Amino acid sequence: MSQAMSLRASRTRYALRKFINTLMLSLTGLATLFAIIPLVWIVVYITREGGRYLSVDFFTQLPTPVGVPGGGIVNSLVGSLIVVGIACLIAIPISLVAALYVADHPTTPLGVLVRFSTDVLSGVPTIVVGMFAYALVVLPQRHFSALAGSVALAVIMVPPVLRTTEEMLKLVPRNLREGSLALGASNWKTSLQVLLPAALNGIVTGVMLGIARVAGETAPMIFTAFGNPFFNTDLSQPIATLPQTIFVYAISPYQDWHAKAWATAFVLIAAVLGLNIAARLLTWWRTRRLRLA
Amino acid sequence: MSTNQSLRIFTRALASNETADAPTTTVKMRVTNLNFYYGAFRAVADVSLDVPDRRITAIIGSSGCGKSTLLRTLNRMGDLVPNARVEGDVLLDDESIYAPNVDVVDVRRRVGMVFQRPNPFPKSIYDNVTFGPRLLGVNHRADLDAIVEKSLRAAALWDEVKEKLHESGFALSGGQQQRLCIARALAVEPEVVLMDEPASALDPIATYKIEELMHQLRDEYTIVIVTHNMQQAARASDFTAFMNMNAQRAGTLVEFGPTKEIFTNPHQKETEDYITGRFG
Amino acid sequence: MPRDTFGGELANLKNQLLQLGMDTERTIGEGVNALKTRDRALAQAIIAHDAEINRVRYSIEEQCYELIATQQPLASDLREIISILLIAIELERIADHSKNLGEIVIHMGDEPLLKPLIDIPRMAEITQSMLNQSLDAFSRKDAAMGRAVCNRDDEIDNLYQQIFRELLTYVMQDPRTVNRALNLLFAAHNLERIGDRITNIGERVIYAATGQLEELNIERPAT
């Protein structure tokens, strides 16, 4: 009898538990939905606004003056590739090496200093970084240049890439490092040949996110790469970039240019999204091949 | 433990070496009055121990008694710990491995190590085994191929992996991964192999395979194994060192002798209590 | 404290062994009593009781195997369990010798004793005392006491020699007494064997206590 009683009691508790469980699950689901709505909205809206202007010419032609139909953004596309590419060449080695040091020596004064400065740096508004690059590169050169843009982007890129890499290196099991040292490997050989490969998936993701972030930077471009309506691959000359082109088109009073701004925005978003998906595929493929999981 | 006492223990151990184990054993590594400090904390106190050549020496003792710390002083892996400090000395073939002009890399090449959890590098089986030799400058494909086969055979893994040398080390089972790590350690032809609880993450069958392997390696290598599995020490070793914490929580060597003797008739009460599970 | 359960099982096993020991000790006394009083009923009872002693011995043996297989005893525990096992076997054999005494009584039927029994009860008393002492030594893990027990085997051997010579004299005087003399000699022989087995128990006591295997009181060739 008492057993039957307790069973009935537990059934009530079970119902309550089930109710709370369903409630919490719905709440988390709802919150997730809210989080992805902006992304979906932006993608859908930009695709609708910008997608209709896309054509082969848009990717292969130089911009046309106001009122002249056609024209494209090939100069900004190539410009962004160059500026971001050079920024990566500067930022990635610095970030990786610094991350290796910080992960290895988290408590030394230099390690603490590096970590603290990257934290501060990641909080500095990008427009200030742009001004810094202006002072560092543009003023001595006496004119705007692609290189100045790259320097600005590199400075912005270092903190997130460094911190992600550091975190990823910290996730590498300590005994992997010991295994290498126990075979007589030096510290830097261990870092380069064991730790970096082991953390590569995470590092690649971090780098991709860093690229995605700087690819859309507009403010620093205004002081540095400046923009250029013509096709340019000379690093010492001003160069057009996608976000800066969007900015110029979007603040213009012309309907025609507004449409081009949407289309350029679409290209930028697609490129960033594409980069992210590529990074995921790359790491997924590598993981599968090495069965790292 | 007083120096006198430790001296007595190892003299007795030496004496019994000669009586219990018919062919006289020579000393491969000699630990003398070793103290190991983590900052101000003394983790190992006054340990003196002679590791016999081409024999398996097991170090047993409860958790935290300093056995792994002691093991890591034998190839200077203890140096990696920040603020760590070593007093006393460790001799390898009568040469101090802590002398100022000694290159740690040489020490670690001669004294290899296998860890508690299998830790293959995120590389192919082949690249795992050749990692050490490549560091030493072996680059010819044919030489490396020969080393890979020899090491994997020595680690009793060759037949299981010869068809998939270029697949990832992670594709192997836990026991195979551990044998891969042993092969990787053997590839640089060390003289001593340290094993830090090499089977604690493995199932019994894989454990027996490792123990069997140790037995085969015994002809060519001096093996020192830390284990908290007493049965394993009893099964797999020739000599056993029992460590225990003293009142200051520092690890001391209580007794060292032939395994057969330690497990049937230990001389120290502390050893007896630990071995029979009547600890504390 | 860890391993309390195992400790309890080991203590229990030791108790069973001591019980078996006391039971065995009793059979020696009863055997000689039956001989002294020619009590065939008692002799039958001793013979019947041997089956029970055998059963207990196998039970102890089995428990030893179980503990070894499941608990992996080491050091003093290992020595103790092995000793329990071997002592149980010795006790069972001692009881067999007591059973032999009973069988002699039945075999003799109504035939009068060749001579009054003096030395044989004396032997029985000493073996009983030795057995008691050896079991006491085992329960206390007292090696010195175990060694002392073994030394007393000399008394038994001397008594046996004495009985042997005495019976020989009877037979030489009157060869017709040979059958009755042999019965008594056989009884004394069984007691002498009991002494040897108690010496074996003493050796187990020393092993359990110290880990040393010593052979004590090696049989001297009969003079």
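Note that the chains are named A, B and C in the order they appear, and that numbering of residues resets to 1 at the start of each chain.
Simple rule for what comes next: a residue touches a chain if its C-beta (ideal position, glycine included) is under 8 Å from a C-beta of that chain, and two chains touch if they have at least 3 such contacts.
Every value quoted in this text rests on a predicted model; they were computed, and no experiment measured them.
Which chain has its C-alpha centre closest to the mean of all protein C-alpha atoms shown?
Looking at where each chain's C-alpha mean falls, the closest to the middle is B.
Farthest chain from chain C, going by mean C-alpha coordinates, please.
A
Once you find the CA centre of chain B and the CA centre of chain C, what distance in Å lies between them?
Chain centres of chain B and chain C, defined by C-alpha means, are spaced 50 Å apart.
Take the average of all CA coordinates in chain A, do the same for chain B, and state the distance between these two points in whole angstrom.
Chain A and chain B have C-alpha centres separated by 47 Å.
Please compute the C-alpha centroid of chain A, do the same for chain C, then give the distance between them in whole Å.
Each chain's C-alpha centroid was found; their separation is 90 Å.
Residues of chain A that contact two or more other chains, please.
Within chain A, no residue touches at least two other chains.
Where in chain B do residues touch two or more of the other chains?
Not one residue in chain B touches at least two other chains.
Which of the residues in chain A end up touching chain B in this complex?
So the residues of chain A touching chain B come out as 107, 173, 175-176, 178-186, 189, 193-194, 197-198, 289-292.
In the complex of these two chains, what residues of chain B are touching chain C?
230-231, 234, 263-266, 271-272, 275-280
For the complex, which residues does chain C have touching chain B?
1-3, 6-7, 72-79, 210-212
Which residues, counting only chain B, touch chain A once they are in their complex?
For this pair, the touching residues of chain B are 75, 77, 80, 82, 104-106, 108-109, 112-113, 115-117, 119, 121-123, 131-132, 135-136, 168, 170-171, 181, 184-185, 188.
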